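Following: one structure in structure tokens, then a few remarks.
So that you can tell them apart, the chains are marked A, B, C and D in the order they are listed, and the count of residues begins at 1 in each.
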Amino acid sequence: MTKLNLTRRGLIKTGAVAGAGLAAPQLLLADGHAGFTNAPTGSTVTLGFNVPQTGPYADEGADELRAYELAVEHLNGGGDGGMMNTFSSKALQGNGILGKKVEYVTGDTQTKSDAARASARSMIEKDGAVMITGGSSSGVAVAVQALCQEAGVIFMAGLTHSNDTTGKDKKANGFRHFFNSYMSGAALAPILAANYGTDRKAYHLTADYNWGYTTEEAVRTSTEAMGWETVAAVKTPLTQTDFSSYIAPVLQSGADTLVLNHYGGNMVNSLTSAVQFGLRDKQVNGKDFQIIVPLYSRLMAKGAGANVKGIFGSTNWHWSLQDEGSKAFVKSFGTKYGFPPSQAAHTCYVQALLYADAVERAGSFNPCAVGAALEGFEFDGMGNGPTLYRAEDHQCFKDVLVVKGKENPESEFDLLEIVEVTPAAQVTYDPAIFGGDLGTCNPGA
Amino acid sequence: MEAIILQFLNGLDKGSAYALIALGLTLIFGTLGVVNFAHGALFMIGAFCAVTLQKILSLSKVTIDPTKTDFLGNPAKVKTPYVQEWFGPDVGAFIIDWSVPLALILAVPVMIAVGVAMERGLIKHFYKRPHADQILVTFGLAIVLQELIKYFFGANPIQTPMPEAFKGSFDFGAAVGIDPNVIIYPYWRLIYFAFAMVVIGAVFAFLQFTTFGMVVRAGMADRETVGILGIDIDKRFTMMFGLAAAVAGLAGVMYGPINAPNYHMGMDFLVLSFVVVVVGGMGSLPGAVLAGFLLGVLESFASMEAVLNTLPGLNQIIIYLVAIIVLLTRPRGLLGRKGVMED
Amino acid sequence: MGILEVKDVGKRFGGLQALSNVNLSVKENSVHAIIGPNGAGKSTLLNCFVGKLIPDTGSVLFEGQSLLGRKPHEINQMGVSRVFQTPEIFGDLSVMENMLIPCFAKRDGSFELNAYGSVASQRDVQDRAEQMLIDMNMIDKREEHAAALSRGDKRRLEIGMCLAQEPRLLLLDEPTAGMARADTNNTIDLLKEISDTRDITIAIIEHDMHVVFSLAQRITVLAQGTPLVEDTPDNIKGHPKVREAYLGETQVAA
Amino acid sequence: MLGLNKKDTNLLIIVAIMTMLAPFLLNPFPEGSALAQFNAGYPDLMQRFVIFGIFAMGFNLLFGLTGYLSFGHAAFLGVGSYAAIWMMKLLTMNVIPAIIMSIVIAGLFAVVVGFISLRRSGIYFSILTLAFAQMSYALAYSVLTPITGGETGLQPKPNDPRLLDPALADGVTPRAGLFGLEMSSSTELSIGGWVFTFNAGYYVAAVVMLIAFYLSIRIFRSPFGMMLRAIKSNQQRVNYTGLNSKPYTLAVFVISGMYAGLAGGLLVAMDTQVGPERMFWTASGEVVIMTILGGAGTLIGPVLGAGLLKYMENILSKINKGVIEGWFAWAPDGLDSVLIYTVNMFVGKQWHITTGVIFMLVIIFLPGGLVELGKRGARVFRRRDRKGLGLEPDAAKQRNAAE
């Protein structure tokens, strides 16, 4: 286990102790000496892992944290090196970042933007973190990204799927590896057409907040483009726990497909209700009734249990992928923790490595230099095939997985099977369509 | 029209869950005069009784199967539940399949024990304290209980499916000879509704027709007088607390298959069930049941697409809107007595 | 024309006719007692004077103005104060604060957003409250917690609080109920002194005939919600109807 | 001094000194030492201490004085925050209009909510306030997204209109300031192994807090405050003393809502973003917990309670397993894992358990909160029982006697 040393700004300390000692208090301008916020000056560099440790996404957060711990281990030369061995960029040496040993601090986002910003600020202000990463919702990602932009540190988003994160709320200091609603829609539509035909009537249940809206819109647009009809779209409160009153009228509407634009607990409950109502055993318009969950995660699938069987959705990454990068990551994660990583763990691990690599290539921790190194960066070997960190919106473009709940799981982790790997080209869009303004990078100081 | 019938049925079903929880809350408030914010936590503990039993029944013997590999490419471990080892694969699978109904049997003693321990250990000391203190200490307890559950079971929901026999849904339409597929309702939810009716009926009958119940009702009306009569009302009240906890727990067990239990399900229900109790009238058992059904039905109507198209967001606030309107027009709730909880 | 004129007041609670055809006139600067057996409607009648209940029929005039439909605080501000059966004081506050509150109410009316100036700096009110405590013989207890006072002192404080507002009509609802003999006598003396020294009318509901006959100048006997008779104490004592309806039953001699 | 009696003046001076010296007092451990984990002297947390202190102070004016338990106070904080961020988006990044507007809007909202909710008392009042807050939260999260930004909330953007501010240079992020003084700017002082951070935003918030605290003392000591305590003690007698309790309770409800709005505005001034979860009912529960932890009905209690809760939230939650392993490295094998397991149950992601347990203990054993604890402590040292002369009215006794 990494021993944490919460030293801040090593130089200040060393300088003061070695120099005048207690005799002469020095007045320093805030970080002014370094040119950017929290410039690591000693032999270590501190990263801030801001994940949900309490609240409904705590398990996902715990998985993210495991991935970060693994990444730190690998960066510092420990373990088997994981995806560092398959990563196309070879800048990382396993000697920390720029020769500085990687240390980390953790915070609890509570999946609330206020709490997430408070813990991020504490890591920046108190612990001297030079980069913040993690999170499990778009609300938190957007809030913390804006904070990092103001504070002058890099934000490497964790799990956030809303278009907004790299759309209307994008920031120069923020980067997202995870895919988004638009990509889910674009990837799913052709598969749905191939499996369910092009004359379906879809009924949308949508979580009544930003992510729900963008996801509904993405899926609607792309399915309507192939000829599907949307018969209804009903918004459901985030705090809803019993979805029966939303599921009950679905059959009456004449719809033959139900799209659940829900995530987390909402998705587990709405899918459970839908299956309970026996929707999947029904025939409407002469077709088998189908349910679709645009965004899947293994933890959600686990929560929904047998209800996910045969249900299509999309995901950022899945441990059953057989490329070298994925295999290496699953092996080192599985060996360390005894179970395969989730997509949240994967994206967090990759983000940590990408950041470290960018620093190495830039030769500096300065957020502007790091940002420049990430912008337009093309890489491979991280489990999603060739990937581009697009300069215009700091969004990664890579293959998107269309998955299906597995009918006959072989183990408790074997819940989803990959149906299709949609190539990146098919989910790429014009960065202008979501508006927003990246601004320019802020090094702080 | 079918849509309205369907939502009405659904509302009754939903309402039965609300009514059950509110009934337990009201039992405690009415008898002991204690506002128990930890009641939702009791509901949650009930659901976790089912989770625990399922886990116990699924305890497995692990053997290595060299013909298969796990996700790391190592020889796979195969788990065989002990119940299947002992009773044969079919009987064993059947027992696991029926873990939720079996959990009902487990939950009664567990919940009574939890309830009695709570009353003797904590609540008892708060009879003479202000209502605000009761709310706050039980709120604290609710936080601690839910976090403990999270510590041991994680934050993710855990499925506790109903037995295979109860899966699927009943087609009312087909039964009465109109269009099939129009009015369908899952079997388990119908069972839940029937279960709620039985429990509510049993509680009323118990209070109405047993001596114990009569003493408790007298105690609810006038605690001091009953005390003067030389009846040890405290002991009975402790038992009432156990009973209320058992009602909440059973409601939780039965709710498991409807929505996978998670650690915060108690808190999710807490605010709502308080609204139900207050709308019904603090301390009124029929009020709690009535308000539970009323809010269930109104909530269902508010979630209809046609309604939401005219009044977007109504489904977000309907419960609270009803609470405000009822409290302003009927100051003591629908069936509340005068002078309760107004200090 | 009395200070309080009650005309044809009736009040029903469901099936119970609590008051019917109550006519009553309380003369200014007198002590008027309302007596009657339990359930005669004494408290109901009093509640009709202070705005707690609204009679179904009839009128209640105070100094020529109707009291019906007014809220308790409005009636109080008109000059009617009430002493309760069990002393209603501010138990959490000190004796001095208890006395300050009616003094502020007298000076500032029913609402004043005086949130910035300190209580201590309001000399006029402080002086008044202090004087009132001296009058009530309670000045040495000024810092005590009101809840900790003896029953008699609580009653004394409550009466003092009412007097601090300089009411023209003081209503007392069984002021000596549950009191020991000594406290009762003290209260009688206090009320006598108040009635003698102040420009005030007192209406008193009382069960204890000793109190009634010590204080009252006129007595109304209420039975089953209707006044039976109204007369001077001496005449009431000998009134056969009263003896039958009331005194005979309770065996209380004056 | 300042129209306060000697005791209150002393209290105010002590609080003023403590807040001004907070960067020192909250950083007692040198940088890099194992205990530096427990330092709280960094800008974000110091700001939160004083801001939530204001919030709890305002809540206490209502709950502590009148006994009305609002379970929806976070709504005013949220509304204040939204008002402030809109001022920053539309008018200027200067915090003064934002703060003023947050007080005004929260006050107006409190008039509406209070007017309706105060028609009932007891738990009915609590449920009504809860209902309003939950409706605000649910609507802000969903259908009001165009105004509130929904889930992702609102932040100032470079291209907002900001009528009063000169155009930002290209690529410059808008930052909250006070006539050129940026809220986020800090100065550091390094003495020996210690590093102390002096943050402009903190001092602005601290000064506002001192003003709010001063006003709160004045309200406590005013005839108005006394009337409120009278209402809590005996509403019947209040009415029969010719006082109309409705405007009194409404006035204090609005004042209390304005304090919450001020806290919301300051939150935005310090950290320019708003999200709807600020209004969720648990946030309202939090301010109740703060007030009770510190001591309801006392002057300083709510501020202490806010500090304690925010400290636990921000410091305990950051103690992860790695840190604990570091602490118990000295322990022999076996013992260390027991210790780690035990401690781990109460910190890091389990910090809620600690909060819950402490909260319960306070309610059970210390109904007067930290202030009562302090008093009991002081009583041990002082033989003479100075009952009735203490700095604070005896909150516990009042609260218990009231109901």
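Criterion: contacts are C-beta pairs under 8 Å (C-beta built on N, C-alpha and C of every residue); 3 or more make two chains touch, one makes a residue touch a chain.
Just so we're on the same page, UniProt names per chain: A, C = Branched-chain amino acid ABC transporter substrate-binding protein; B, D = ABC transporter permease.
Source: prediction; values computed, not measured.
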{"item": "Top-ranked pair of chains - ranking by C-beta pairs in contact", "value": "A-D"}
{"item": "Most central chain, Cα average position", "value": "D"}
{"item": "Whole-Å separation of chain centres (CA-atom averages), chain B (ABC transporter permease) against chain C", "value": "52"}
{"item": "Euclidean distance of C-alpha centroids - chain A vs chain D (ABC transporter permease), Å", "value": "33"}
{"item": "Inter-centroid spacing, chain C versus chain A (mean Cα positions, whole Å)", "value": "74"}
{"item": "Chain centre separation (chain B (ABC transporter permease), chain D (ABC transporter permease); CA means) in Å", "value": "34"}
{"item": "Sites on chain B (ABC transporter permease) at which at least two other chains make contact", "value": "312-313, 316"}
{"item": "Junction residues of chain A, two or more chains touched", "value": "58, 208, 235, 237, 239"}
{"item": "Residues of chain C touching at least two other chains", "value": "none"}
{"item": "Set of all touching chain pairs, with the criterion as stated earlier", "value": "A-B, A-D, B-D, C-D"}
{"item": "Chain D (ABC transporter permease) contact footprint on chain B (ABC transporter permease) (complex, rising order)", "value": "35, 122, 125, 129-133, 135-137, 139-141, 143-144, 147-148, 151, 267, 271, 274-275, 278, 282, 312-313, 316-317, 320-321, 323-324, 327-328, 331-332, 341-343"}
{"item": "Chain C - residues contacting chain D (ABC transporter permease), complex", "value": "50, 71-73, 76-77, 81-82, 84, 88-94, 97, 100-102, 104-106, 108-122, 125, 143, 145, 147, 161, 165"}
{"item": "Touch list for chain A against partner chain D (ABC transporter permease), complex", "value": "1-9, 12-13, 15-17, 21-22, 25-30, 53-54, 58, 61-62, 65, 105-108, 112-115, 117-119, 121-122, 125-126, 137-139, 142-143, 146-147, 149-151, 162, 164, 169, 172, 208-211, 213, 235, 237-239, 437, 439-442"}
{"item": "Residues of chain D (ABC transporter permease) touching chain A in the complex", "value": "31-32, 36-37, 39, 42-45, 48, 138, 141-143, 145, 149-153, 155, 157-159, 170-171, 173, 175, 184-193, 195, 197, 267, 271-273, 275, 277-278, 280, 313-314, 317-318, 320-323, 325-326, 348-349, 351-352"}
{"item": "Contact set on chain D (ABC transporter permease) toward chain B (ABC transporter permease) in their complex", "value": "67, 69, 116, 119-124, 126-128, 130-132, 134-135, 138-139, 141-144, 281-282, 285, 288-289, 292, 345, 350, 352-353, 355-357, 359-360, 363-364, 367, 399-400, 402-403"}
